[in-house]
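Look for chain A in each of the two complexes below; its partner is chain B in the first and chain C in the second.
Showing the complex of A and B:
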């Protein structure tokens, strides 16, 4: 008997292809909106948390002009290429201050797009002895100390271990490629202090950057600080801004507050859109199932007359609902996966926000949850219609129109 | 008596997808723009190669639609599989693309060509199986 129920439901769907396809498309919309919306919001959240991890310091101290001209945010958050320098004596001055836990300097250099360089890219130099932000992250991909003239490339760069890149006529070798972070840091190149100083000197020799009169051995771009235990970030920050001239101390948490705001805005919009799609699709599916059941009232009455119970009719219509929503939901998830997963870089570029797609297992989990949610919702609309048909008065229906 | 050809849904699907791949790579999901005075990047040649191989796919799809012989149809469907797979392998695989992941060739052209190439290969395989079962 179960076989008959399934076969009847299947044939009902096949015999009315237009109605079945329309219902399947609605179910596809349901699963697509949940799956796509969850992946996008999840990727943005992962991107933000990845950016927080990568910044990895409580305070950044930069030249005053860099902080006011938004150079800092452009380089660190937007992934634009750029550079700024201050005297290296600031590092010693800051290290001697109270409340400093960890302290390390970084060096920024932008390669040019002309023939001297393989790619226009942001080059970030760090001191391996004191660094506490980049090294732990590099260690995940490369377990040896970075040698001179070796670089580590961000995940989004089309360069691989063993490749040789040229910056300002100087060859450097790719020692490792970092894991994806979903942030602008994926498009940068990382190297040690000696190598970046060599590159800064090479760019000075070629007169391709507007550095002015600087000595690469006596400059740094920024100082990263982790506050010592027993001190608050605000206290140390205020102390630096009050007592050290020509520099600006910036709290990294505040730097990403703009991104957090945009992320909240996008999450809200996606949430509202998903809710609207769900409400509309469910209402349309309820109406469509009800109309379909109403136009087939006589067919169901005949089934009752030949011995089918009310429960049987309930099962036939419910099975139709499950078949339609299951196939539609699968289509929605496949389309969602094809649209969102391969185009992650494009979405990231369009949104201008950190975007880190989840791993395969998480995507599979989200697909299952979306499938269950939309099949349950689709089946519910079928169940509403089937409940009505299971309680109909057969005699009354068969006499209708006579 | 000559058999009359009947165009199937799969023939139309394959023809449309091949045309989208061929024309789309040139006009819709094309590679990075070639700037005047700058050297032409590798992704431009990847775009040209994809357009060329996709044109072969279009010709194969047209032949499939106008051919009645079952063995010929089976052969054409099977021939489309490696051609579509080759198209999918060109950007980034056989021809290197630009350095940055957010550049158009890597963020738009490559995923679009790969997805279309794989879908065409799967559809051609399904069509070959259908032809084989029909025989």
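Showing the complex of A and C:
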């Protein structure tokens, strides 16, 4: 016959379902909070770094009004639609300045609603010759140069390779769909310079563009700059702001510093919450285990009488702790996965921050770490109670029982 | 196997108005012969349970030693002593002693399954349950049993490992006359089969079954 001690632990738990379930729930809180917390913080981190990558430039030069009216942040960080233009001569002017490494212009247009999307989407045009921010990203999912009237769609848009979309009565073809970035860039559409100029013209023809008197061939929306080696971003930035009028140079790092700030705030809150949940759960678990063991003192004394050693009692109670915290922790992780993984978009919308879930392997790794941490902690509360019971004086307890 | 106590005593610290030492069992020599039912009586608080616990390896005496065969009980470490108790001793505790998460049969088999070596003798366990008149309750949970039935279950559990020594601390304390008689007869039979049995009791009924009688008063043991 097999040793009964393991099944005894199990049977003890089954015998007192309410307490066992309560203990399991506490263990579930432990693993849920660590797992959920690390996933959320991790997602925010990778969202931020992916935004950083995508912005990919040291300096962004935009029309003065765009910077002051916060159109820029709305479009780039919040994923709202919008557009602003300045004369294309600025590009040449800027390119001629000192300390400029890479430089490329971009073009913005907001679509009227179209087939793919119930809401207007942001269309961003880039110059394939000089672009250094969007092309590397597109290359990951599409390995040829974009032809005229071809577009690449952000990951969140409901459009697929091979689809034809119509913007301002003009048909464009979806050539590729981008990888998810977890940022506002996922809801935009990307085209080359020629295509967006055609689209801007179409919008003007339909009188759907607020800029009534522009010539699409003579405007750009913004200029992206990487400073050359040997120059500091600040120097180039100040130089532009001092010497080029009617535009504003913005350091991209400063644009996202607001985001990093909120991210730090949220990480701190999550950290404090997790710590609070842990302290509370562990204290309650310690008390609950101790009560459960005290209540069964007589039973443990009987086991001693039958010939169980102190060690054996320790094992029985410890096994209870392990069983409870293992099952509870697993539940916590499953629930955590079900709650957080499918709702990345919702969380992103709620927090208003870029949110990019880590890959499957990383999630699995976090799940394992959370599981180990919470099982260890949960078992420890069992161990505390079992230590006490294994050291008790049998003779005394037998007397107490009467 | 003979159980012997040499010069055992037990003192407790009692915290009544300052600390003073209380001698629950005064220095005692004792021998529990096999094949006999030895009865230990005495007033409440005279030290009977304390003495029984010392003999059965549950309570370390302040002084003296307890010998089983050639082994000195309190020289062994806890694990060794526990396993020795498991193998050689059967103990019927005072009061209720069921493990509530196990059914009656599992409770009875527990001494055999605890360390899980060899085959637990289910047949013998059934035989004992039958002998105790609770065979039909084998699959029931302890909470469904009466006090007397639980006590008989505890006796079956104490006997299932065919122990060399059986200790019983007031096994008939809360039983009616009929059950008391059943229990006493069983202990007597056990002794007749060669086991050393030590029975602590208040009941005068028990004296009729005794092969030897001791009385404890104020921690002093004397043979009657």
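One rule holds in what follows: the second predicted complex is superposed on the first by the 391 of 402 C-alpha atoms of A that agree within 3 Å, B and C clash if a C-alpha of one lies under 4 Å from a C-alpha of the other, contacts with A are read in each partner's own complex, and residues count from 1 in each chain.
The working rule: contacts are C-beta pairs under 8 Å (C-beta built on N, C-alpha and C of every residue); 3 or more make two chains touch, one makes a residue touch a chain.
Here the structure is a predicted model, which is why all the values come from computation and not from measurement.
Visitor: Put chain B and chain C onto chain A via the superposition and say whether they clash or fit.
Guide: fit
Visitor: If you stack the two complexes on chain A, which partner ends up touching A:302: first (chain B), second (chain C), both, or neither?
Guide: After superposition on chain A, A:302 lies in contact with chain C alone.
Visitor: Quick one: the Cα-centre angle at chain A between chain B and chain C, nearest 10 degrees, please.
Guide: Approximately 70 degrees at the chain A centre.
Visitor: Applying the touch criterion given at the start, work out whether A:150 contacts chain B, chain C, both or neither, answering first, second, both or neither.
Guide: neither
Visitor: Where does A:121 make contact in the superposed view: on chain B (first), on chain C (second), on both, or on neither?
Guide: In the superposed model, A:121 contacts chain B only, not chain C.
Visitor: Have a look at where A:248 lands relative to chain B and chain C in the superposition and call it first, second, both or neither.
Guide: neither
Visitor: Give the label of whichever partner, chain B or chain C, reaches more residues of chain A.
Guide: The partner with more contacted residues on chain A is C.
Visitor: Can A:15 be said to touch chain B (first), chain C (second), both, or neither?
Guide: second
Visitor: Once the structures are superposed on A, label A:187 by its partner contacts, choosing first (chain B), second (chain C), both or neither.
Guide: A:187 contacts chain B only, not chain C.
Visitor: Just chain B (first), just chain C (second), both, or neither: which does A:58 touch?
Guide: Neither chain B nor chain C is touched by A:58.
Visitor: When the two structures are overlaid on chain A, which partner does A:159 contact: first (chain B), second (chain C), both, or neither?
Guide: First partner only.
Visitor: Quick one: classify A:320 as touching chain B (first), chain C (second), both or neither.
Guide: In the superposition, A:320 contacts neither chain B nor chain C.
Visitor: Once both structures are aligned on chain A, how many angstrom separate the closest C-alpha atoms of chain B and chain C?
Guide: Minimum C-alpha separation, chain B to chain C, in the superposed model is 21 Å.
Visitor: Going by the contact rule set out above, which residues of chain B touch chain A in the complex?
Guide: Within the complex, chain B touches chain A at residues 96-102, 106-108, 111, 114-115.
Visitor: Spell out the residues on chain A that touch chain C in their complex, using ranges where they run on.
Guide: 1-5, 8, 11-12, 14-15, 298-299, 301-312, 393-395, 398-399, 401-402
Visitor: What residues on chain A touch chain B, complex-wise?
Guide: Within the complex, chain A touches chain B at residues 118-119, 121, 155-159, 186-187, 338, 342-343, 345-346, 348-349.
Visitor: Using the touch definition up top, name the residues of chain C that touch chain A in the complex.
Guide: Interface residues on chain C, with respect to chain A: 49-50, 53, 56, 58-59, 78-79, 81-87, 89, 91, 93-102, 106, 109-116, 119-120, 157, 169.
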